[in-house]
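Scrolling down, you'll hit the structures one after another.
Presented sequentially are two complexes of chain A, the first with chain B as partner and the second with chain C.
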Partner chain A sequence: MERSFFARNPSALIFILLLAAFTLGVTLLSEGFGMDVVSTSMVKTLGKTLCLCLVAVAMDLVWGYCGILSLGHFAFFGLGGYMIGMWLMYERTKAIVISATAGGPLPATPEEIREGIGVQIFGVVGGSEIPPIWYFADSLTIQLALVVLVPGLLALIFGWLAFRSRVAGVYLSILTQAMTLALSLYLFQNDSGLRGNNGLSGLQNLPGAENVPQTLISIYFLWASALALGLGYLLAAWVAGGKFGSVIRGIRDDEARVRFLGYHVEGYKLFVFTLTAVIAAIAGALYYPQAGIINPAEIAPIASIYLAVWVAIGGRGRLYGAVIGAALVSLVSTWFTGGQAPDIPLGFYTVQWVDWWLILLGLSFVLVTLFAPKGIGGLFDLIAGRGSPERHGADLGPDPGALREKEAEE
Partner chain B sequence: MSTLLEVSGISVTFDGFRAINNLSFRIGEAELRAIIGPNGAGKTTFMDIVTGKTRPDEGRVIWGEKNVSLLKMSESQIARQGIGRKFQRPTVFEDQSVFDNLLMALKNDRGPFAVLTYRRSAEDADKVRALAEEIGLKAELPRKAGELAHGQKQWLEIGMLLAQEPRLLLVDEPAAGMSPAEREHTTALLVEAAKTRAVVVVEHDMEFVRRLGCKVTVFHEGSVLAEGSLDHVTANKDVIDVYLGR
Partner chain C sequence: MTRIFLIGLRAALFWFLAAFAVQAQSPIQDLLQENRAAVEKASRKTIDDVIGALLASGLPETREVLARWREKELWQRDEDGLFFFAEAVDGNTYRLIDIATGEAVGEYDKKLVSQLKPNSGVRSVIATALVRFQLTDPDPAKRAEGLTAIERGPEASHLEALRASIEGENDSGLLARKQRLERLLTIAYDDDSALRVAAIESFSTDLGVDARAALNPLLATTRKAAPALPEGVNIANVLKPGSSALPRSEAYALLVAADLAPPLVTAAQKKEALIANIADGTVAGMPIHTLGTAEARARAYAALADQGLAPPDVTEDGIDAALGAHVFFDQYNEPDAAITAAAEEALSSVSTRVGVNQALDLALDGLSLASIYFLAAIGLAITFGVMGVINMAHGEFIMMGAYTGYVVQQFVPNYTASIIVALPLAFAVTFAAGVAMERLVIRWLYNRPLETLLATFGISIALQQLAKNIFGTQARPLTSPGWLDGALVLNDVVSISYIRIAIFVLGIIFLFLLLFVLNKTRLGLEMRAVTQNPRMAASMGINPDRVNMLTFGLGSGIAGIAGVAIGLYAKVTSELGSDYIVQSFMTVVVGGVGNIWGTLLGAALIGFLQKGIEWMNPSNTLAAQTYMIIFIIIFIQFRPKGIIALKGRAAGD
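Up next is the complex of A and B:
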């Protein structure tokens, strides 16, 4: 029989332990729960980073393992954010409207409340009607279901059309870029029903939790994000391990061969594409309440390209590589673009990192691609290879085979 | 002997060039057949058509006792009908272990959900080991396929074909680049395989074909030029002209 999941995936166990230690550490150091060393805004940044790590895990599964270079997964991430954002904004506005009318002689009728909500939310785009797509916005359950269903369905339909016609490689990448561009352009329109370029805002305020301070809410979201990342990581490790992983890596390396073995390659691609879209959507649904605002610029084509860059820098084809890449690059990026990085005066010119950071990122991407195709994750091979040469040698010897024989007798 | 595969009157044109020209071919169950022919005769294209990679412009490809047409099926459907194929260039999954390569090929449910929840049984592990024994790669099971020597990769690919338990095996130049000893092993593998299923071998090397000791079909310019025992076809005047007398 096969060994247990963690015995086959020791890196998954290490990852889960590190993630738990990290979450505990931040909690203890936080403003809300402990020693007040880590500020609430820092906790939010870290919580958001965990969500970015989760979408990077999804990207690694679809690109690093299955070989589909999707440059559109941030569309699913953003859609997930929009779906939960609708509920957050609607319910929050409803509470405001109700409390504003509370002083009147008569309690407000449901129609008046709806009207008030409409004006409050859609006044900025010159409307007061609540668009039909907000029909379920007062139901948390339904909006949570939509977090999974809307991006999942989009991925399913898009993937079905693309894979069925055997679109692959660069063409597929371009097609996914077109998809995310089209979606973002659509959402930019005021009559898209999602407030055009204003997007949805005030998402950090949880309806029904008005009395809970942000110091605590930020920690709850950190926990939720860590939990989602942990579960997503385990799911991805399970999918990418075992025979399914064998098949999708086969598709990545030689699609035609897998077909002649009798596997329906398109079905597998569609499965992985849709599954990772759903993971991305869940990551987005956790990210935007921490960010507080979502607008169509979030799903601009460049966002999905960044995602690929993170995974490439971290090392694709290994899940912890994707996590390292996303965490490192997004945190460093926050540091550089947040104005924290000191400018470098060169006398004749001052290097301002807000402008130069992108060039630095692009340069590191090129360097990693050229000189370290395995990314930062590849460093672990060096450490493992040097640190324990005996074990490395034994891997190639008869030992694992002997183990299998013993297993067979069981 | 009942017919397993019947190809009749197929033609294929690539950019105006007729690679296959009104070709007909049939093979029975448990038969070993060699296909020879000069470069560009259409041998690989013929296999492409049978396995669904290339669609013929005309003609029929009929399979099995139910006489189903393969022309409407996708590559993976055809493979699941029981047709296995080995490519001219050895194609194994270099990044994965020999064990995983064989396990992936092993006859089992091919659906994504079945594969996702697949748990390796002792029985399947035994099958993989037995196959590895047969192709002489037992000691290499945990190694990455990419680390194997060229000949070993060819055997691994043959092993992957056998793992599919196909009823028809199409093998394109299995002995290319092999040493004489390796060739002998390959011959033995194919002859053994043909005891229980149909095997079609494309090969340039006459010695190799002679050792297979089977009926030979000669392709030339996309059609069958001659068919019969090796001695019979090598005595054929046309064959001598186009192929042996080069």
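Up next is the complex of A and C:
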């Protein structure tokens, strides 16, 4: 008889329990539920961090398991944010316009309301017409569908083009980076229809929930983010486990050999690439209402590289590693760049962490890559007493670069 | 009798003294006094003689007198009628200055002196005289100055002065300028149609911006509507309403503007009328709350119009009828058809030539952009192309080179010398940085290219932040030597700045230098051997560690030199390198990995492509980059290995 899912993935069960405990703890300590130990802005930061953990899980699935170092997953994250942001901004502006015209002697016509919305939203980029891509912006259902469809379709087309022409390894990384750059440059234009470098703002105000205080909304978003992360984690664990998972790890270690075994490598890669893009987009759609603002700078290639950094520091090839990396690095980064870290006076020079944090991050990243390829997640192996086999200098795996050796047990 | 005699004697004495006083003045004052009446009460009719006399005298002060006179700065002393320049001491006193000597004569009360106030007609005659004066000045520099002044602000009055000055011009360069300017002014201001046509035709092969600026206004048109085509006007073309050149709404607006049709009632006006007619919560019998749609409002307004409470709206049929009853046409502002025809022909001939030259200019732009990309990418062509190492910190090496140049300029003030010092120094600095990075990081990761990418990215963000900490976030200048300023101007359309030529030349030098190193030297041979098969190379007695180190150092060093070159025309910031990194990788990938010629072709493709797209949509360089990247993604579909793909064993798979 086959063992149950959690029996095969004990880490998933532990993770879900920890996540539930964390969410419950934050909820009880939050401002909205009386205790007021954790401030609303802190709840938002934690909720955002959960979203970042979710996109890191997606990144781990596509990179750590399938070996595709995508430098474009933050673009999908941002696109998801844009899609939900369009609805949030449109509906909120509509409410404002309707209340502004309500006092007039004649009831406003739909055309007048639409024009008012256009002026409100696109006045900053010198326009008043609502671009065609906002056609569905008044429908939450369709925009929610677009959160999945637009990044999914982009990933599908891009992946199909890239994988069918056998672009792999670092070439694929550069190509995905170019795609991200192209997308962010496009969004930076004023006539892209998404307000250029102003981006979309005021996303923290939920239309129809004007009377609910932010203290509660932040908690609801924390729940939603935690739920999404839990489900995303289980999905990723389910995909990475089992036969499918074995195939994609095989692709990671030696693509040609898997192809010779008769597997349709491109199909597997395309599926993983698109699936993770959709997960990233959902994470983005939950992240940006908590952040309140999205602009093209969020999509710049550097963001996607940071995503890879989180996963690498946390430890790729294990899902909880990605979560640990994303949570730790993004929270520590907030702490350092927010000016909360104490300066270090050296007598002749004072180290201010706002200036030196990136240097510390960059160097620690180099050190992790060189000396701890398993990342922070590798610590769990030490605790569990799982060591790598002593190979006496010989390669384990099809070639010296293969990652199989990292998963091998003594 | 005696009294009469005495009075006569006194008068004679006075006149004698006065005459003596006059005699004692400078020649210019004498001349002005001779024409005193005409100067005091100058009018267009009488002024010509005065100016003629002044010009004929050839006195050196003439020009200044005319200029001051025109500026209303010539004053007259009431007691003896002499003319002076004057400046205000305070509100009521003026200091008079002798015209000839420029010395102050004394301070006078405002009531004792009077200002000469020539009217505008006189002033323009004086101005023309001044121009002529300047155009015939013995000093060629002054003449050139005068011509430049006319070129900046031509006036009808200049034409005659210019024509008069052509005769007797002995400087051939100035003569050519004068003749050209005379033709330009003829086009604009002459009354003789034949002369103007001849002048227009003479410009049909001219690329000058000024020639096009003179021709274009001749073809300016005004769009008009009329019940029938008017006779005797110079019509450019007749338009059909509803066509793309003249949409219906525009055509109707023309009719309204010409009072040939009643104006349309706008939505805002309708709304106002509706609001104005609200009575007991209804408008024209319709309750207000039903007026929330455009159709309901239109019905209510129609009802209002029927009751005579608002002007009736124009129906679609009404618009059609009005449009059908009128003709629409573009009318030339220039009434003479012969002139517009000649101008049309000359301009079309010019525009063909301009098009050819613009293409040439675009090609030069593309070439210079390509050489910048090539220079930025050529270091990568070695580290990434030949060695297969992804170095995300390559852009930061470019930045280090640029900052090296900046630091050198702080110590070596001479720009030429500083660049000569900076180039090898930048190479040395980045070579050392490259070697250090290879020894410390990259050599442990040769088998794991993706991790090389990440580790070098870590170095990249650290270096970038370090540069920010040291040099600050603001841009630092890297000034090019004086002889690189300016541009090589072929004509008004085609020009290229010297600095871009220098970058192009630098790119070419590096191309051949690298080809030489890779193909003709021992190091190049070892490099190729080690990259193809390190174990076999090691068996042949090559030390792969050393060769890898040197190769990586070479690639990094070239990035440093590229940094100096790029820093010369762009501002040096800590983000300088990251602006180029994606394009550089694209260049190498598109060109084909492992081949310097491929990198050259890749840079050329990307450079020309980007300029081409920018040309199609000049307002938007962001869009150009977007489309270029999309093109590259598609290009890789068809040639995944780049333009020049390695074949056989060298390809490595």
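General observations
Here is the rule we use: the second predicted complex is superposed on the first by the 385 of 410 C-alpha atoms of A that agree within 3 Å, B and C clash if a C-alpha of one lies under 4 Å from a C-alpha of the other, contacts with A are read in each partner's own complex, and residues count from 1 in each chain.
Keep this in mind: a contact is a pair of C-beta atoms (placed from the backbone, for glycine too) under 8 Å apart; a residue touches a chain by one contact, two chains touch by 3 or more.
What you are looking at is a predicted structure, and each value in this text was computed from that prediction instead of being measured.
Of the two partner chains placed around the shared chain by superposition, chain B is the only one that A:253 touches, whereas chain C remains out of contact. Of the two partner chains placed by the overlay, only chain B lies in contact with A:271; chain C stays clear of it.
In the superposition on chain A, no contact is made by A:90 with either chain B or chain C. When the shared chain is aligned, no partner comes close enough to touch A:76: not chain B, not chain C. Put chain B and chain C next to each other and count what each touches on chain A; the higher total goes to C. Looking at the shared chain after the overlay, A:221 reaches neither chain B nor chain C.
Of the two partner chains placed by the overlay, neither chain B nor chain C lies in contact with A:320. When the two complexes are overlaid on their common chain A, residue A:177 makes contact with chain C while staying clear of chain B.
Within chain A, the residues touching chain B in one complex and chain C in the other are 400-401. Chain B makes touch with chain A in their complex at residues 51, 53, 74-76, 79-80, 84-85, 87, 91-96, 99-100, 103-105, 110-112, 115-116, 118-122, 125-126, 129, 139, 141-143, 160, 164. Within the complex formed with chain A, the chain C residues making contact are 267, 271, 274-275, 278, 288-289, 291-294, 297, 390, 392, 441, 444-445, 447-451, 453-455, 457-466, 468-469, 578, 582, 585-586, 589, 620, 622-623, 625-626, 629-630, 632-634, 636-638, 640.
Of all residues in chain A, those touching chain B in their complex are 1-2, 239, 242-244, 246-247, 249-250, 253-254, 256-257, 259-265, 267-268, 271, 395-396, 398, 400-401, 404-405, 407-410. By the touch criterion stated above, chain A contacts chain C in their complex at residues 67, 69, 105-111, 158, 161-162, 164-167, 169-171, 173-175, 177-179, 181-183, 185-186, 188-189, 191, 301-302, 305, 308-309, 312, 355-356, 358-359, 361-366, 369-370, 373, 399-401.
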